[in-house]
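Shown next, in structure tokens, is the structure this report addresses.
Each chain gets a letter, A, B, C, D and E, in the order it is written, and its residues are counted from 1.
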Amino acid sequence: MTSILALDPAWWQQTFLIKVPIGLLAVLLPAGTIVYLYLFKAVSFMQSRLGPMEAGPYGSMQLLAEVGKWLQKEDIFPTKADKFVFAAAPFVVLMSTFLLVVILPAGPDATFVNLDVGIYFAMAVSSVSVIGILMAGWASANKYSLLGGIRAAGQLIAYELPLILAVVGVVIQAGTMNMQGIVLSQAEGEIFGWGGIGNPFILTQFIGFFIFMVAVQAELTQAPFDMPVAESELVTGYLTEYSGIRFLLFFIGEFASAGVFSAIAAVLFFGGWYVPGIDPTNDIFNVIGPLILAGKMMAIAFLIFWFRFTFPRFREDQLQRLAWKFLIPLSLANIALTGVLKVVL
Amino acid sequence: MSDFLRSYLTVAVFGVLACALVGAFVGLSALIRPTRKQGQKYLTYESGVDPIGTGWGQSNIRYYIFALLFVMFDVEAVFIFPWATRLEAYGYFGLVEMAIFIFILLLGLVYAWRKGVLKWV
Amino acid sequence: MATTESDQMAYIAAQAADARVNVEVETDEGMTLNLGPQHPATHGTLRIVAKLDGEKVLAAEPIMGYMHRGYEKLTEVRTYPQVTTLVNRIDWLGSFANEVPFILAAEQLMEVEAPPRAQWIRTVLFELSRIANISLFLGDMAVQVGATTPVFYAFRDREFVLNQIERVTGGRFHPNFDRIGGLKDDLPKGWIEETGAVLGKMRDFCDEMEELVLGNEIFQARTRGIGVIPPDVALSYGLSGANLRASGIDWDIRRDANVGLVYDEVDWKVWTHPDGDSFSRFWVRLQETREAINILEQLLGGIPSGPIMAKVPRIIKVPAGEAYVATENPLGEMGFYVVSQGDLTPFRVKIRSASFSNMSITPWLLKGVFVPDIISILASLYFILGDIDR
Amino acid sequence: MAEIPEHLLKRAQAAREKAEAEAKSSTGDSTKPEETAVTETTETDEEVILTDEKAEAALATLQQELEGKILDSHIATGRGLWIRVGIQDWRPAAKAAKEALDCKFFDWLSAIDWMPSPYGREHETEQDLINDDPEENDDKEMEWGYTGGETRFQLICRVYSISKKIGVMIKADLPDNDPRALSLIPIYAGANWHEREAREMFGLTFDEHPDLRNIYLPGDFEGHPLRKDYPLLSRRMKPWPGIVDVELLPGDEE
Amino acid sequence: MGLVESGKIPKPLTKLLNMSRRYSMWVYQWGLACCAIEMGAAFASPRYDVMRLGVIPLPASPRQADFLVVSGTVTDKMAPAVRRLWEQMPDPKYVISMGSCANCGGPYWDSYSVTKGVDQVIPVDVYVPGCPPRPEALLEGIVLLQERIMNEDMAERWKGDPIVVE
């Protein structure tokens, strides 16, 4: 982008004036889109309903109404709650999402930061949100919340590993942990000597993709892994005592991280900002790259919400069993297979 | 400043400004929202009855073995990542090395499995 | 399980005794979790107090009465025709089915019998209520184990059945259509054909639920082997309806102790399942819905002509006597024990409602399960608050 | 007592006259339905005999098992079997029914307060005034139903045999001064909640019951609602709004 | 703090705030008796689909609810819980009383255990009559409530002490 405009602003200008606002928007906009498109509309259509129709044409202003409403709702701190932790928890959750977005490349030059250990950083930061959930659950001094928080922690230790191990396959194939590098290696890759569509890792790493998506579903606490919220069991789990703006923050956080994780999956397995047919070094990607990435992200996010509204919920012990007895061995096998193929071929 | 540090500084700036944004939301809400004290509003919610005991009732966390296993495997992941990036360079040697490494870990998992610790409760 | 039967019963009694949770006393160990009176899983206002150790339930006990409306007392100050208005509202999902046993009991005491046409139409409406009731269960069970969508389909298709009930009785919910000696009105024109079409839709709905819920691996993992009720225990707690049949006991009042309805005229099957777990309860109910459609399709073809009302006096005074009539309601056995002393009002009405007995097993059943299982077991036992609390 | 609207009184009056007229002429115009009724009873007669045999066999079994402890019995043709035992035989009777008659299915348990209500129907309509003069109620004797009775409270329990397809109603009189009985929980675990309900509604006591708490009503509730002398206070405050018992059909108004 | 409360917000802005409250109404998932099923039909049945109006039936906890539909019989045992759960909802909050039982006791007007009208316990904004009301009736009640919210003056609403029903 910057090179098109033939500008070369200083680092602080780049960061403060361009990157940060865009980055913040990159979290909030997808979150809003996902809430409106999927939570309100797609789901309603799946359930043969219409969804919001009154606020604006086809209910498109519904989101603004939501924000306006939550802004003026009272913010209740229960007497027994640990006030400071209670207030800080939504910050932690949202912070994790905001930090995740920085490693996403949206074009050859359109990156926020191009970390060498990009995906590693992402994995590290993503688990911070669970700390926020644990804080929320504990600070509420509410039994449902506490159980929800404990379940969230249990879920973290079950799904962090498959998530990380699923990525290893991609890293082996790409030979780098840099997100930009992963995109380029997909764009420049070849399938048995044929480079027509590059080599999107979904083709070679479909086991990895499967494990990654299952783990993301659990990481995002979406059904069938929504035990920390588990509406029919724990009322709203760790969110039970949250009201007003702080609930809205959690709400944004939930859908924003769904968006960001979808975008990471798009980068890892679907070639990120790249589409076949155009030279990946072409500057045009700095303009259309973000749109392509957003499109891929929305498609993957649809998967997440499709599963969420279709599947029943696992029980906590079944989740652990699935993780330890199925997903972890499978992901180790995937690593081994990828490694062997990489070396042999 | 090196590029390396600079990129982490960017990350830090992101974090701070994100916090500021969230804070702005909360502040705006504090400006316009009402506050109405009401008898039982600040009572802990427990499905409409008096809360029994505190919300911090001690509860038996059953998955500390899982937590131990998790730590073990997570440390393993730290080693696997750098290996994964350089696999092409290491070739067969690296492959065999890592196979042994993963095999030992798998052995641990199988042992835990056989001992029946991979069971909730 | 103990070997001899008496040992077994003693064991059950002991279990029932220490399943008791003293809610007033707070103990140090464990955590006492309240589910309800307002809780998404309790279908309204049931309250479950569970003592937990981590996520494991040490003991759980339902506390009811949040919906106790005093039916048995109120019937003593209502005339017989007025009582049907009340009893409609006991099981609010299959409301026509509530009226039938009471009316039949009153008819027994008065020694009148409804004309054949009225009996057929009663049976038709009875089975329609069953579909209206159980179809919601099929969706709701899925919600309780965490799937959001099926309940929307249930509400969607249930609407067609309610429409048909409304077309005959004028009420979607509480028809109050049954009269001592017959029915209030005849069927409207064209109703039979329309109902046939609706039954086709409900068949599709059952298939949809089978694929979407029953066939789902997660649903099976959540319900198979969970909440197993052995047949003897089920009998001694007085479980009835699909809960009993899911424990492998082949007993259906419609077939074995039929009073006043025309189930003998049609060819149908009683479904049982040997497992006795949550899954089999769902399965039996699903098959029962299909069987109800099957029964209805046969009944609709053969409704005899004739009057819909027997000759009964304008002011109904029921001769002295006692009668107990039970019918196989959607939730299980619903019976009315009517004691009359020759007045305009019943002297005493004991309402034997299915959910009350079905739920009385919960302290026994919920011991040692996980918190999520409480919800799936309760959902599979299928209760309606009005039917428990009355 | 609030003012009853004029038109309601008129309608009630009309209804009563009509009913009386019908009662007088009923012998005249009900010949035809009566005939069908007769044929129907002859049709069902065979069934009745069948069920009777079943009930009688069951009664014989129980009599043999209980050795003369059955005080009274009643077989309503085709409608079931009632037996009455002394309160000391309450649990043995249930045990006998379960073991000798295979009545494993516990249907329900409750009680009946046979005392005539001192408040009548609390309707105060025309018909109530004709039929149940509230003052008369005070002098009304207790009338027991099937199998008779001796005291005010009677326990009743129904058990059912799925193999034999016969249900038995077991009744037992409770002593007036101290209404208590042995709990049936050791025999039927399901009796637990039914006994709690009976305790709460009638103020009975069940010995050896592990947990006799209120089941429906809040802890501070006073009185036992299903006792006949428990007044419905709302009815004291204002009259029953639907005072006309029998709605006239549109054509019958005049 | 609390600009709405003190009425310091200019008129057009309050209009905007009212509008957002009107179109984003999260309804408390809480059914009491028979009416709860008709309420469920209004929420979940595609024929009625209350989400069209911007009513989101997600929250199961009172903390996230904007309005409460008292759908069914309130018994004396339940009444304290009704009151408490209503109080635990954050302001601004609204109540729809659905069905005869919640309005006045309905067919249980003479029962010994039924509260004759939920308005003895909590203040009610809209009454929906019927036993039970059809889902359409509830929808109309919601539309009436939305109109009421639209024309509301929050400063007026918050003036003085909170409404207390004893």
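In this text, a contact is a pair of C-beta atoms (placed from the backbone, for glycine too) under 8 Å apart; a residue touches a chain by one contact, two chains touch by 3 or more.
Everything numeric in this text was worked out from a predicted model, so none of it was measured.
Q: Which chains sit in contact with both members of the pair chain A and chain D?
A: Of all the chains present, those in contact with both chain A and chain D are C, E.
Q: Count the C-beta pairs in contact for every pair of chains, then give the pair with the highest total.
A: A-B
Q: If you average the C-alpha positions per chain, which one ends up nearest the average over all of them?
A: C
Q: How many Å are there between the centre of chain B and the centre of chain C, using C-alpha atoms for each centre?
A: Chain B and chain C have C-alpha centres separated by 46 Å.
Q: List the centre-to-centre spacing of chain A and chain B in whole Å, with centres computed as mean CA coordinates.
A: About 14 Å, centre to centre.
Q: I'd like to verify one number: the distance from the centre of chain A to the centre of chain E, where each centre is the average of its C-alpha atoms, in whole angstrom.
A: 36
Q: How many Å are there between the centre of chain D and the centre of chain E, using C-alpha atoms for each centre?
A: Spacing between the chain centres: roughly 42 Å.
Q: For chain D, jot down the residues that touch at least 2 other chains.
A: In chain D, residues 216-218, 225, 230, 232, 235 touch at least two other chains, as defined above.
Q: Out of chain E, which residues touch more than one other chain, so two or more?
A: 4, 17, 44, 46, 60-63, 77, 81, 85, 88, 90-92, 110-113
Q: Hey, what residues on chain C touch two or more of the other chains?
A: 31, 34, 37-40, 55, 65, 68, 70, 73-74, 77, 152, 156, 370
Q: Pull out all the chain pairs that touch, please.
A: Listed in label order, the chain pairs in contact are A-B, A-C, A-E, B-C, B-E, C-D, C-E, D-E.
Q: Touching residues of chain E toward chain B in the complex: what are they?
A: Chain E reaches chain B through residues 1-5, 9, 17, 61-63, 81-85, 87-88, 90-92, 154, 158, 162.
Q: Which stretch or stretches of chain E touch chain D in the complex?
A: It is residues 76-77, 109-113, 116 of chain E that touch chain D.
Q: Enumerate the contact residues on chain B facing chain E in the complex.
A: 30-41, 43, 45, 47-49
Q: Would you tell me which residues of chain C are touching chain A in their complex?
A: 31, 33-34, 39-41, 55, 142-149, 152-153, 156, 212-213, 216, 218-219, 221-222, 370-375
Q: In the complex formed with chain C, which residues of chain E make contact?
A: 29-34, 36-38, 40-41, 44-47, 60, 62, 72-73, 75, 77-78, 81, 85, 107-108, 110-114, 131-132, 134
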